[in-house]
Amino acid sequence: MFRHQKELQFEVKVERPDPMLAKRVQEVLGGQFGEMTVMMQYLFQGFNCRGNEKYKDMLMDIGTEEIGHVEMLCALIGQLMDGATPEDQSEAAKDPQLAAIMGGVDPQHLIVSGLGGMPINSNGVPWSGAYIVSSGNLLADMRSNLHAETQGRLQVARLYHMTTDEGVRATFRKMLARDRYHQYQWMAAVAELEEKNGVVVPASFPPEAEMEAQEHGLEFWNLSDGQESSEGLWATGSAPDGTGDFKYLENPEPLGNIPRPEVPATQVHHDLDRDFVNKK
Amino acid sequence: MFRHQKELQFEVKVERPDPMLAKRVQEVLGGQFGEMTVMMQYLFQGFNCRGNEKYKDMLMDIGTEEIGHVEMLCALIGQLMDGATPEDQSEAAKDPQLAAIMGGVDPQHLIVSGLGGMPINSNGVPWSGAYIVSSGNLLADMRSNLHAETQGRLQVARLYHMTTDEGVRATFRKMLARDRYHQYQWMAAVAELEEKNGVVVPASFPPEAEMEAQEHGLEFWNLSDGQESSEGLWATGSAPDGTGDFKYLENPEPLGNIPRPEVPATQVHHDLDRDFVNKK
Amino acid sequence: MFRHQKELQFEVKVERPDPMLAKRVQEVLGGQFGEMTVMMQYLFQGFNCRGNEKYKDMLMDIGTEEIGHVEMLCALIGQLMDGATPEDQSEAAKDPQLAAIMGGVDPQHLIVSGLGGMPINSNGVPWSGAYIVSSGNLLADMRSNLHAETQGRLQVARLYHMTTDEGVRATFRKMLARDRYHQYQWMAAVAELEEKNGVVVPASFPPEAEMEAQEHGLEFWNLSDGQESSEGLWATGSAPDGTGDFKYLENPEPLGNIPRPEVPATQVHHDLDRDFVNKK
Amino acid sequence: MFRHQKELQFEVKVERPDPMLAKRVQEVLGGQFGEMTVMMQYLFQGFNCRGNEKYKDMLMDIGTEEIGHVEMLCALIGQLMDGATPEDQSEAAKDPQLAAIMGGVDPQHLIVSGLGGMPINSNGVPWSGAYIVSSGNLLADMRSNLHAETQGRLQVARLYHMTTDEGVRATFRKMLARDRYHQYQWMAAVAELEEKNGVVVPASFPPEAEMEAQEHGLEFWNLSDGQESSEGLWATGSAPDGTGDFKYLENPEPLGNIPRPEVPATQVHHDLDRDFVNKK
Amino acid sequence: MFRHQKELQFEVKVERPDPMLAKRVQEVLGGQFGEMTVMMQYLFQGFNCRGNEKYKDMLMDIGTEEIGHVEMLCALIGQLMDGATPEDQSEAAKDPQLAAIMGGVDPQHLIVSGLGGMPINSNGVPWSGAYIVSSGNLLADMRSNLHAETQGRLQVARLYHMTTDEGVRATFRKMLARDRYHQYQWMAAVAELEEKNGVVVPASFPPEAEMEAQEHGLEFWNLSDGQESSEGLWATGSAPDGTGDFKYLENPEPLGNIPRPEVPATQVHHDLDRDFVNKK
Amino acid sequence: MFRHQKELQFEVKVERPDPMLAKRVQEVLGGQFGEMTVMMQYLFQGFNCRGNEKYKDMLMDIGTEEIGHVEMLCALIGQLMDGATPEDQSEAAKDPQLAAIMGGVDPQHLIVSGLGGMPINSNGVPWSGAYIVSSGNLLADMRSNLHAETQGRLQVARLYHMTTDEGVRATFRKMLARDRYHQYQWMAAVAELEEKNGVVVPASFPPEAEMEAQEHGLEFWNLSDGQESSEGLWATGSAPDGTGDFKYLENPEPLGNIPRPEVPATQVHHDLDRDFVNKK
């Protein structure tokens, strides 16, 4: 069960409205790596966690914090939209500067939400449940979380340069700081789990089943012209878990067959007649 | 520019059709972490790569390999659907066993694709461009790739147990081996980049801008009852880059204000009258 | 079966083209509460109506009218786009005013539809079947319809201020008038059905099944700091159907258990080892 | 800012696993009217509320409660999936009963989430930000909330009959009780606001602007054969706000023009030549 | 403006309910090429038609007919669901045959729509505005329509074999007949327009602009191993409009450059340092 | 299996950056008829092709070429974004011209992709697997391909006028030339298949099953006022396959029944009481 405190986690106080910026901020609210994504991702991972209280509690701590980040971004967008009105567009015809702004404003902020934040990205695409990951495998999910915070912090950093409003920037700095911590946090969790289970996910897949195909687990297939790719650690070093050395295949050849699928029954209506089939 | 060889990268030869399994295999073809996702993700990252030939070449190698994995899975699904016909459903009324199978078959395999693989997941949801990530920041994208291969291998491992068909399993084993290698590969790339730039993304964000909010970059906020979360490396150790020690806030209090957004202009039609406003 | 008359239900005649406005008008054509939504919602409710001719006929009347509203909005958007050409963008580089307009034009109106209306909202998101509701329960659906017309009229009212073109405004006035009537209409239908069946949907759920949990049907749980919420009719009055008095829980405590889900079988690959489990 | 308590709001304890039911329960978790929808809808309405603390506080109370309902449903689905394994499918080939069950199980519960709840509906469609409404107009949103709880309770009532498991039913009874209360709650809020502002939304649209089209605000257009629709309160009574009497148009004729859009510039490439145009 | 007649265009009368079939029929109601698609596609093309009354009138005739086909399919699905109840699932636990059926039933038909048709496909994916095409170019759209009717008729033909119910089949036969006509119709329109404007769309693109690249307008690039593709009319014949002869490039070589995109400004945070760049 | 060459198929070299154009170019990269669509459509058709090597090989040739077109468009968009930075927005406040440009730039190009191409259309809507068609019926799919290239070339032609940059135009000219060839190619394939199987798809549907409904396969139903539609080849001529003459129904009357669906079981909770039913 959850409870709500009226104060925001961090202060949100913009210096002046900026409806164009409000549209751009939507990316880190309702975009692929916005706060809604990490909020729902950590909550679902926490709700679904089986048999490990330490991780579950940690996920619930962070997931709960992220609900408050969605709250902060709605407050931010609301302030950036303060004073905007639908009339601005009819005024815009007379004033290039205003017209320019209207072109960059999210029309739904005026027509649909009445100046409030929305569960959409900076192009107006609705947030999707398909953005989040909760797989039940802890290491898999911690890597997912690290990646989400990485993308998220990158986006906030880019947004930071899109304004010189010190109030907005102060909020972004708090978000950058938290995203910094969250990157640390998931790295620590990843390290702890890799230490226990090894670095390849899933660890519990029976090794004997992999035997036959094992060599392919260390090969780099060079399928694009040029061999610049041979210079990386992935091509010349050893596997991070020391199970063998990488092998760079300069001119890999396919090992499989040419597929020859069966001609289907008439009722599938491929409309293949005998002539076609004979040419096979 | 690309070229195509007729042979598959690895052999695909199922022992017997299994249309229920065909539906499930769609997850690793057209799902959030299916082969279409890694194919498009690596290709876009490669196409968009700026100023680093080694990484670009490597991304193109792997992206090109993944197009062939989509090809292999279509071959696999095609064989699993061999011999299936729309008539099976009208027969199913007479036979519980057949009815049970029909209930688990993807109806679109019969009605829409005529027994072929589709760009959808195991529930029929179409593949979406919103699944992929190409951010321009190399470390961000390598972490994303590691996470994608992690989720992908986990899903193939689960699918592996869903069949005892040795032909299908042989294909899955090849995929598991390649996904093992790809996890190694992205780990190596991540290690190389973290070594160069530090572990927090983005590295180029000006540190002086973070100064003010710096303390919050090391704090764990305990917002869920219980303190099991204090036992992890994320709560008690040092930041992975040695920039300081984590701090566990047992009873964190909000640092922000209570938001008080402005009452909008009449033309926004919030319909707030004076009574409402006075109560604010 | 349906028939079409060539005349529009109401006249559509704009004074001058305005491609920026055309983009915004898309919201009430193909948005969540646009005319496509009410058209498809009423038609599906009418098509699916079981056992009540009076309601079915009424739904078919209104649903059929709404097809004509989609037609009117396509006519409106078409006129707003009159004379626009793709070349405008290449001209825009030389002229700030034109550039400003181009920034606010929906690029798909030029590239995709060739100056016609589209089944998308003002941000270009395609209309979705997930916008509509047809539940089979009449009262549930009438409430849905009332809400749809409410949101729809609100959006047209906001759009109204976005132009001073008297031709466009005349069309909007007709839509506002019809949306006014439709709000009345669904209110009347709701009143009639509530009179018959009671105000809680569904009415036919067996009351004895609800007995045990009945008290929770009158409680307000105060889960956000502050008690301003205690001042509303929902907190202090009686239930609208007189079945009891509301109860305001100032400090509600959870009544449930802490969930302890089972550790899954190995084949699910959660990768939990004994250490983890023991800590549970 | 938010906090989390480990106990669920109400107990969740199923008698026995039932993976087919788990799939169906997804509808009220991640469907159009599932708990995610009301949670996000009330939270966004609360976050965006301008100038009315009583409503804002109330929205935050309920929105916060709904986060806990998402939590309860994840706990429920988790228990329904207890003991399920991917191997079930390969076993299913030997056993019609098991095959039947597998056909009705959500494959993503096994392959993707590792036995956990997901942000999808009962057909696997991801939850969408386009499901929710936060318009800034209080009455509009309260009507939306009433409708959402109406649909939601209807769906839980239908699900109730899909199981005889007394543990599951006990949880559903709690949800039905809360949905009963929430219907009362939004009705009370609607009544309070209609009392203040009148029943037509938005109230602040200038009446003089509606003058010209006023008559159309009371007309029922009979556009489907038959006149059963004339029997309802919407056709014969007075407007709920007493502004006039409804008028039933038996044989309504269109009042508008036949649209004659302009032939576009060559660069739009409609490919209309003179012959075509002359026929106009 | 539109009008509705109560009779269906063709009779719909199933012999017996079949809820599994109801799910499959959704494909041709709300799928990519279902009746909703052709209905909305023809209506939008008609609404948007500029300057050619004959085509506009024809599109309105057919679009209006298709609304009635959506109506017929809702009637069909409704009858297939007759008598189904949510309780079926709880009964299914005791009866393999019933369990098998439940596994193949669309759960939303029971939980969401109360036994009615829905705007979704056979896998439950909502209909999307992105399915339709209205480009303003007549020949482009007629080709699109021909293709839509082609896919649509193919799907109905496959569905036909999924039932032995003579009532259902009679409805499908009517749909097959109409889809046959509609294929003829669009072929005739295509022929008429190709006769006038030539076969390449758009016809109005200035030929001198194509001059430079003209040769590439007749080349087949053989980019997949093997030369079976050289046997088709596309490789050896002349262009259908007689503008030249096709040319089969056995070993095509790329004609372009290797792309070398610029290193971005620091504020984009690609995190490329000098070492990386030097390697370029 | 696939291979990659570093050179682009055709040169891409823009004269000067143009971030507004970059947004518009996304339509032909990731839109409904962009290069991603034809790439995935031809690849899936090729992968799924059963029993006809000539067509399969041809599909693989073209599908492989199209991967390279996606590559070219990413290169193009990358160059158009060269030098753009997030800071442009904060500068825009001071400069109407810059503000105008920012309003027309895709914000995700700056925030999400770091100046790279994305799998989205010109309005930011992610590419969807629902755009493509692979039906297994060759003629159906060739018609689909013809239509896709038709729409695609139309869109490129419109884009061509949106810039005067000769570098961009040179790339577009190459695309127009290839799209010209691809239209020829699919026309040739269609002609070849129609010759073999007849013009109606599917050809293999048993004619005796169509007998009863045959007349409706030649009728034009005039359901929109006016008879301009009687002037086309579809109304007066013979069927293209000579199976009969078209028949123009001036005043078609419905041939079906009025649907009277059954009142559902109580557990479906339609809440219909006896009064309602009696009125039926």
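Letters A, B, C, D, E and F mark the chains in the order given here, with residues in each chain numbered from 1 onward.
We adopt the following convention: a contact is a pair of C-beta atoms (placed from the backbone, for glycine too) under 8 Å apart; a residue touches a chain by one contact, two chains touch by 3 or more.
In UniProt terms the chains read A, B, C, D, E, F = Manganese catalase.
From a predicted model like this one, the values you see are computed outputs, not experimental measurements.
Considering the contact criterion stated above, the chains in touch with subunit C and with subunit F alike are A, B, D, E.
Summary of the copy comparison: rotating subunit E onto subunit F for the best CA superposition needs 180 degrees, to the nearest 5. By number of C-beta pairs in contact, C-D leads when C-D and A-F are compared.
Taking each chain's centre as the average of its CA atoms, subunit B and subunit F sit 27 Å apart. Averaging Cα coordinates per chain places subunit D and subunit F 31 Å apart. The set of subunit A residues that touch two or more partner chains comprises 1-9, 32, 48, 50, 53-54, 60-61, 64-65, 68, 75, 78, 85-87, 96, 99-100, 102-104, 110, 112, 114-115, 120, 123-126, 128, 130, 135-137, 139, 154, 157-158, 160-161, 201-202, 205, 223-224, 226, 254, 256, 261-262, 264, 267-270.
In terms of inter-chain touching, the protein chains here all touch one another pairwise. Touching subunit B in their complex are the following residues of subunit E: 18, 20-21, 23-24, 27-28, 31-32, 96-97, 99-105, 121-125, 155, 158-164, 223-226, 254, 256, 261-264, 266, 268-273, 275-277, 279-280.
Remark: subunit A residues 154, 157-158, 161, 267-269 touch subunit E in the complex.
Here subunit C touches subunit D in the complex through residues 5-13, 32, 46, 53-58, 60-61, 64-65, 68, 72, 75, 78-79, 82-83, 85-87, 110, 114-115, 125, 128, 130-131, 133, 135, 137, 139-140, 143-144, 146-147, 150-151, 153-154, 157, 160, 169-170, 173-174, 176-178, 180-181, 183-189, 191-192, 199-202, 205, 209-210, 212-224, 226-229, 231-235, 237, 239-240, 246, 254-259, 261-262, 264-265, 267-270, going by the rule given at the top. Across the complex, subunit F is touched by residues 1-6, 48-54, 85-87, 89-90, 92-93, 96, 99-100, 102-104, 106-108, 110-112, 114, 120, 123-126, 136-139, 193, 196-197, 201-205 of subunit C. Taken together, the subunit F residues at the contact with subunit B in this complex read 1-9, 30, 36, 40, 43-44, 47-48, 50, 60-61, 63-65, 67-68, 70-71, 74-75, 78, 112-120, 126-130, 132, 134-137.
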